[in-house]
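Chains: A, B and C, in written order; residue numbering restarts at 1 for each.
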Amino acid sequence: MALTKDNYELTVPEITDVVSGYKKKTIWNDLWRHRYLYFMILPALVYYALFHYLPLYGAVIAFKDFNITKGILGSPWAGLKHFEYLFSLDKFWQVLNNTVVISLYRFVFGFPFPLIVALLLNEVRLALFKRSVQTVIYLPHFISWVILGGLMINFLAIDNGVINNVIQFFGGAPIGFMSDENVFRHTLVFSMIWKEFGWNSIIYMAALAGVSPHLYEAAMIDGANRWHRMWHITLPCIRSTIIILLILRLGNIMEAGFEQIFVLYHPGVYSVADIIDTYVYRTGLAEGRFSLAAAVGLFKSLINFMLLVIANKLARMMGEQGVY
Amino acid sequence: MKFKGRASLAFDVFNYTFLSLLAFATLYPFWDTFVVSIIPMDEYLKSAVHLWPKTVTFEAYTYLLSMKELWNSYTVTFFITAVGTAINMLLTVMAAYALSKKDLKGHRVIMFLILFTMLFSGGVIPSYIIVKNLGLMNSLWALMIPNAINTYNLIVMRNFFASIPDGLEDSAKIDGCNDMGVLFRIVIPLSMPGIATITLFYAVAHWNEFFNAIFYITDKNLWPLQLFLRGMLFENESAYSGGGDSPFLLGPAIKMATVMVATIPVMLVYPFFQKYFAKGALLGAVKE
Amino acid sequence: MKRMLRMVSLLTIISMLAAIAAACTKDASSQSEGGDSAYELTYLTTGDQAAKPLQPNDRIIAEINKRLGIKLNVQIVPEGAVDKINAAFASGDLPDVVTTKFPSEAVSQWINEGIIIPIDDYLDVMPTVKQKIENNGLQWTSVNGKYYGYPFISQMTRSNYTVQFRADWLEKLGIQPPQTLDEFYEALKAVTTRDPDGNGKNDTYGFSTNKPNAGEAISAFNFVFFAYGLPYGDWALDDKGNVIPTFEHPAFKQGMAYLRKLMDEKLIEPEFMVNDRPMKEQKFFQGKVGFMEGPLFRHVNRIESGLQKVNPEGKLGWAAPPAGPDGKRGMPRKPKGGFLTAITKEAKNPKKAAEFIEFLLSKEGRDLLQLGIEGIHYTREGDKIIYNEAEREKDGFAANGWAHPLAWGNVTWPIDENYLPQTEPQLERAKQSVELASKYIMPNLVATMTPAEIKYGSALNDLYNQYFLNMLNGKIDIDKGVEELGQKWRQQGGDEVLKQVTEAYKKQKK
């Protein structure tokens, strides 16, 4: 390496000068050394600036009384009026509660299930069987809730539904899967898992494909059984993927599945199934009321954001890279 | 190993049975949709569960495939899926790779700024104004450019890149590759499962696109497939009570045939991605 | 140097993408601008979602352009999404003419901010619009004495909504279509218990319905309340002449008690709330229920043929809503909302825009949109119309003599025009069903929809639905339910609604 100005400065004896000069120069150094990398981020930065940061000013509409003629920035400030209105709604706390409960319920059962399925598929040695199962479980993701809803009613109806016929055949009392307030949330959560677990397992399958077979070979020579291999090789290898998905999932906790609930619910189960999104949509609360809609969105985002930041912090404390 | 054979066998029995059950449970909706699409209306109405068709008719498909709107929207969706995914992948892979470098100054700040947009948005008005000012209104680019990067996919992609040992890249650099060269010659071949996953995610998202189309497309000839499908599925309340001509009048077979026609292409594409998810898929790549 | 080249090439790729994007949109706009200098009129509408797409060289649009001297650019919003229209307006992207849902907060805001303009100055070029407003009693839609567009409210005077039943079952059981609530009860009981389908199983229900649309109140059972003497569709009056919600009228409790009896005896399908409309009809076709409520008109043929697909003997019957103890009856409520077709402040030539709205509604326009151009799309032989399907298809007309994509959903629906093409199966019965149902439209106490109703309406309906179901299912005592509902209803915006409605009522009485 030739003697450049940078190297040269290192020879200057005064320590403080060395440190500050070194720092300044290394920033430029770093930038220059990684110029290709920065360049590769550039299009993404332009995209985010243009389509995400530029429109972000629109969020202030939640604190304004939106006036179309004056525009978002020219509209008069309204303080926290829209939030206060939202929180003053009798039903708001009920639907917030439903949102959180359904979402957590879904998280607890729905998050691990695709992982488990991916691990089980990973243990399958018959390639054809593995591929077929993978393809089939991926299918319901593409069938919309409108259609699945119709099917579910045929299966789960209290009267002549397939499942209830079986229950009654064995002498049980029929269950109102679709109409009983005590059961409806289970119906929601398990049908969501049913629809999406195959799709969600893809990402784990991809991560599992990256685990080096040499590790397994070595473990087998050491006499590790399947359980040990899974616990000590497979899981640690895909841990970072699991944690990333976990963090992102937590940052999405306020989304409890609008489309599904909107198709399946009805006034008889509003008390347990009505979430913020369905409530706001159904009552037309935010229709044409952009300020209120923004307030609802901002409220949800804040909760999601807090959870995500906490989850990321915990992950980094545990030595993981986290999402940022 | 030997003495564990029995437990291992029991596990296999359980595993195969369990996965088969899951497969049946998930195949059912698709099968039912298919069966309803090929049976006449009377057979559909006579029972709630359709396990096997008694009479097979392709009337619904004949009707559907003769609809010009279907082919229009097919073309639209193929176009936005192909071009949109290409744009997505180019931007996502480059950014994700660069951001996976832990020694890159500012990568955490950039990641945080990107992540922030996943949670907070300015709402529909400013986005609408930007799309309009860019002249994308009623153009298919409105369905590709505003969602050129999906942050979730970017993060997952970055995670895949991060799991590649630095050693491999360093050796390539010594061989005189710059970062771009390393990415395309070393890192991408080593990340094919991740690349395949993200490509699939993007492609499927484009395939399922309808939301932006509602806002940005008013020419029915530019409707993507999912808008066409939704038009067939949802009965239109006002058309219904006002006595207009509603697709609902066409009966269930046509609806389900539409679902099949809209789903089969994505179904067929999956096996091509699957090979990247096979165990040891990377082995060959590493040796090269 | 090499690096520089790579950087440049990357930038080129990005700018190319942008260029492609720009190029394509330019193509689109230049296409629509065309060569001539006629006034380009952009029409944004929720439209008729079931219609075919507009064709690039549509001869009907060309004809409209010719007759009105405009260059029409129609934009139909996918899925009739009002959200999209609201977003476009809020972003300042205004068409010349718009059709959107009303009354709504958005429309009120547009009026307040002067984004849509009054049409009063142009009413002399809008004779049909003027006449429809006056004949249909739509004067209440004016704001501060001015009309902000043509208010299209479907089924104001003509309705297709009444009680439907399996006529073949009633014949078999030897009962007449029920005329009173008592007979209705007996008929439901017979259908439920006397095995009308003769399959030897006790598997039929008397009556079923479906869940209400988002934001609407459950209204399927309202005919019972009207039979017990509820006098208006929207509000009721107490002894002192004060406006009260309908559920506080004595007829409501009586009706509720009647419905409780039906529910307790399992004459109503217990899980009816799970049904959507197609599911309800499917159960009717499958012979799981004998009675349902719903629309007829064009559906007469569809429902009956659906029925006969399962059971060739099946026959659809319909009857007037059953009468109560004092012989009162009623079923459809007179609607207060629909679609507003308005002119925006961006319209460079509001008079032309007004002429366009008039044209959509006028006899001349109706003929063009429904039938097409004589000699091309149809020919006449005396009273008989011969539809030229091949030519019609080229311009996006729907099959079997049906209309152009612009015909419906904007300013009218077939039922309001009493229009069915001559090709329609069961045409006479379809028209008869409307004649019968229209006799029982319930009038409103107050013509107007107040701002408070727009604001709180859906949330109050929600509350009502919850209590209605709980009372129906016996989860709460009727007296207690009505009282609790009354309190909560008032707390959650009902007080303000009542105040405004009372004012409107007093104003109307003067």
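The rule we apply is simple: a residue touches a chain if its C-beta (ideal position, glycine included) is under 8 Å from a C-beta of that chain, and two chains touch if they have at least 3 such contacts.
It should be emphasised that the depicted structure is a prediction, and the values quoted were computed from it without experimental measurement.
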Any idea which two chains share the most contacting C-beta pairs?
A-B
Need the most distant chain from chain A, centre defined as the mean of C-alpha atoms.
C
Let me have the rounded angstrom distance from the C-alpha centre of chain A over to the C-alpha centre of chain C, please.
38
Just curious, how far off is chain B from chain A if you go by their C-alpha centres, in Å?
16
Interface hub residues of chain A, defined as touching at least two other chains:
43, 157, 160, 290
Which positions in chain B touch two or more other chains at once?
124-125, 129, 145, 178, 180, 230, 234
Multi-partner residues of chain C (at least 2 other chains)
3, 83, 90, 92, 278
Residues of chain C touching chain A in the complex:
3, 7, 10, 14, 82-83, 86, 89-90, 92, 104-107, 109-110, 113-115, 203, 211-212, 214-215, 218, 269-271, 273-275, 278-279, 288, 457-459, 462, 465-466, 469, 488, 491-492
Touching residues on chain A, where the partner in the complex is chain B
27, 30-31, 34, 36-38, 40-41, 43-45, 47-48, 50-59, 61, 72, 117, 120-124, 127, 129, 131-144, 146-148, 151, 154-155, 157, 160, 162, 194, 197-198, 202-203, 205-213, 220, 223, 225-226, 240-241, 244-245, 248, 251, 290, 293-294, 297-298, 301, 304-305, 308, 321, 323-324
Taking the touch rule as given, give the residues of chain C at its contact with chain B in the complex, in rising order.
3, 6, 17, 20-22, 24-26, 28-29, 44, 48-54, 56, 75-81, 83-84, 87-88, 90-93, 154-155, 160-161, 213, 277-278, 282, 285-286, 295, 297-299, 302, 306, 309-310, 398, 402, 408-409, 413-416
Listed in rising order, the residues of chain A that touch chain C in the complex are 35, 39, 43, 46, 66-69, 71, 89-91, 150, 153, 157-160, 176, 178-179, 262, 266-268, 270-271, 281-285, 287-290
In the complex with chain A, residue positions of chain B that touch it:
1, 4, 7-8, 11-12, 15-16, 18-20, 22-23, 25-30, 32-33, 48-49, 90-92, 94-95, 97-99, 101-102, 104-105, 108, 110-127, 129-130, 145-146, 148-149, 152, 154-156, 159-160, 162-163, 178-180, 183, 191, 193-194, 196-197, 200, 204, 208, 229-230, 233-234, 255-256, 259, 262-263, 266-267, 270-271, 274, 276-283
